[in-house]
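Going in written order, the chains are labelled A, B, C and D, and every chain counts its residues from 1.
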């Protein structure tokens, strides 16, 4: 961290500031120039209150040099992290297709979808049991029963499972789930993240609707700081002023996250766009720009889905999309 | 809800759609015009999937007529809700000043601040015990001990307490807290909201950084749907593209919320701006535009605060501000 | 347009409103339901003041059914518009690669870049002569001299030209330019758009940093309303809260614009991302999601470019990218 | 400006970078620390390409120390600028009330409004002659005739005039206009700003819907760089994700702009909110947070206004508001 002092700051004031920083365990490196004096902060500056520093009268500017995250940073861990669940791998050049319905609704539904997406090449089955809904009056998922049906689909198809958790008290119900998803609205539910840092299972962490990439990485850091290094990042669209699309899928997040972090990055085009017409285009674009995987909603009967039918592909649409995605991957890998 | 059909939609298709809606318990009111056919949906349309309707080929547009919230709507409850805690009242023309430190740090600190803000006219004492922090490496609050110190300050000063909850499992620790605060990052932690709907205590619900007023009201609805009607809304700044200020305080939310809801609206200028220089201006502006209260951070020694010192007023600054706020209130009430 | 009246609106008030609308040349279609009364407005509602209607006490809601644009709408013109300049075609399945430096700097520079991008398969040469810069102290382009150098490059390579106009008084200087570009900051410079509606040359209209797709189409409508139907839309990134990337490239705009308009859509990954590392990924993604063309900055010596060197590919990087783009196009067309 | 180099950067590379900077006329101040090497850039760094520097492999971070604007900065001009037109003063403790219709529509209309707002204490008359409209099919203003009618109102009432310019070629028509307004959509029409830098009249510069305060000040700098130092800044609402209000009025911009610039800051609550119900609240809030003036739309017959009737106060509403504003000003000045 660098602190730039205003011209004409007295030596007294500089000494006082340096002492205050030393008391916090920070070494300083003073550089007196003809125009301004620069104080370089050396050591662990995580606990320095940047905004307080900025508010001091003698301070012209405070500038961070490094990033506040460590374990998820590529600087300290140059190789790609590869997550393995069953036969599926995510990251480090391994592309993973996750598919399934928004909500688990019945045994027949989840089995049919699971078998069809497997036949089309999906590696992991998704299905919501606990559903975060904006309205208290909307369908909230089959809850524990939904997880039981997912297990049945796993037994039949052999596909590993991913499902969303909303409450840390539900963790015992997720034993058979292979990847635990943290939804966009819980990305900064720090208590939940901390608990997930203590388990031994991959976590798929969705970017919040209005969270920066830095905040996404800080939330990954919460999980990793607890000891769980298996984190998958997920871009699912951000909130902007545009109203023709539900959210704005930020695909530049994919190469940017790859630059600064070693964690795999998956894209969810279904929630980002909210409409079937846009899902295939955005899925292909995600594959073209280097995503490590896709999470796509597929429903055997979208018109009667209890949740998000408008964004669910039919198994036939998914089958066609999966083949095109594989072809795009071949192009960009060649 | 109104569904507008495309010109040249066949009668067959219309019948099919009407049947599908009837099956969901919806009555319809068909109006065939020369240019387009309009279907008015009558009955409880909460569970109709708007996006699915929009995705049908025959549908030109779907337009909601009413709002998806009910209990917090002024349409169904025209009188202002007034919340009473101890001697303090919020709403219905009662202005409430909430003040105190970002974090409770020690007995001496919280007692000094509590006594001073009381002397300046504060009605309720705020103090954080569980702190949501973006970084896992930052100070996370004194937790249970912090709540004990708050109780002590309440015993000494008689001021009712407000403090933030982050995990529903902590609820037993909040017995002596008079108003439970849900922070911006948990505004859509629906499991937490549902639990708070079953207790008998006022909830101060902060607007999320990127949440619309409609979503804020839907989250209030989650609490009220459980039976707890004592909800206070809090505007605390939203995320925009501007970088000179930490957040953008959306003061037009105050009169707009008053128009559509009967719940009281409090403004937090400290978190919105993040810097002491801006807090008094924004506090006065909030009072001028009709807010039902202010929540202001006050610290006896901001330079050594363990959290958010840059945005904390000194007791002297708060004393001056409180007097000006009272004078502004007199003007707008006259 | 549909106006929904509040329950209990008296017949007197309804008659008054209907009369007021009739006076504006609007026919109405009244539909009295058990819950609410709906007024359908028939005829040219372009001049009806929606916000005024909404502000009337008796009105619950006003909902637009159609879109305010006409000439650029696919509803009134189902076939794709194809723009032809020289041997290049844009739209209707024709993909067009536009490349060249941010600014024209010298004869040697523009000739070298033009010849190299042509060899790599570019169809049109871009080059800025008049540069909109945020700072009055930054390089503003070679202006008229820049256009002369572009003409020279066109003579030598045969590539058609595209260049940005900032002031309608400069139009005579653009005689040899084949496509006139309107920059993002001038997207709502309505006087400029109106003038460009009266010339007989294709216009590439960049989306403003904070403009919705609807506004982009309304600006296209300004040009088309004057008689010039040759408009190319360009997505170049929008402003969001994210700070790790310069702008957020909104690729879902591509399929969405194709759905509602017949105009071709080109993507500019260089300005959207602002850094070379992200340009190829975003260019490939744009091709994968159906863009009709790409506009990419290429400079023979980025380290010494007078403008936007950080986002300029070298000719070698462009050559590799162009080949990959062609391969992706083959996949999505198959 | 400060450039932080990555650890292990070789001396060769450092020398090369320093040479490259020296060639641009920049002096450097090298500071080699144990963790990283810092290069301080001394001299005029306006033309240094920050993004190019950031893209160099050896560079960890580039941080601006100062601001890119100079003439509008309070650092170089500590005293408030006061603008005088006729008997009205804006800035430096002088509060100015600007009022009038959105569009000039007829002699009777403008005279009636002008006389009434004058009687209520307005200091300056506003009225649009050239209107920027999103749709080419909407009323575009009376143009030259509107300016003639404004002159007539000025002659009758003695009120100075403000009106918006959209095209620099119209400047000769604005001879009798006292303050020239640049609208939000033209805030970065740099050619227009440059021309207005050469005239001797105050310019009211509206913040663009999605422009940062820094960009607003850079646009003011464009005008001042030409020699015209009479610039008034105007906050009129920014674009956010919120849809219940037309724009989000950013009132924290008022004290923030006062901190960094000496230019007066006026607030337009009419365009920001778009509805009469919100205008008085936001006007009072603006006065309470230190604005130097208000610009409010007033129409003698809002229901028949040709433009923006929904946001126009009646003269009676304005009269009441003006009195309340004066009372709030007394409070905050005491």
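As a working rule, a residue touches a chain if its C-beta (ideal position, glycine included) is under 8 Å from a C-beta of that chain, and two chains touch if they have at least 3 such contacts.
Given the structure is predicted, the values throughout are model-derived calculations rather than measurements.
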Chain pair with the higher count of C-beta pairs in contact (B-D, B-C): B-D
Chain whose Cα centroid lies at the greatest distance from that of chain D: A
Distance between the centres, which are taken as Cα means, of chain C and chain B, whole angstrom: 38
Distance between the centres, which are taken as Cα means, of chain B and chain A, whole angstrom: 26
Whole-Å separation of chain centres (CA-atom averages), chain B against chain D: 31
Residues of chain D touching at least two other chains: 210, 239-241, 243, 277
Touching residues on chain A, where the partner in the complex is chain C: 210, 212-214, 238, 240-245, 248-256, 259-260, 272-273, 277-278, 281-282, 284-290, 324, 327-328, 331-332, 334
Residue numbers on chain D that touch chain A, as the complex places them: 2, 4, 29, 31, 33-36, 38, 40, 42, 60-61, 63-66, 210, 239-241, 243
Interface residues, chain B side, partner chain A - complex: 20, 46-47, 49, 51-52, 54-55, 68, 132-139, 166-169, 185-186, 188-191, 194, 208-210, 215, 218, 221-222, 225, 239, 246, 274-277, 302-303, 305, 307-311
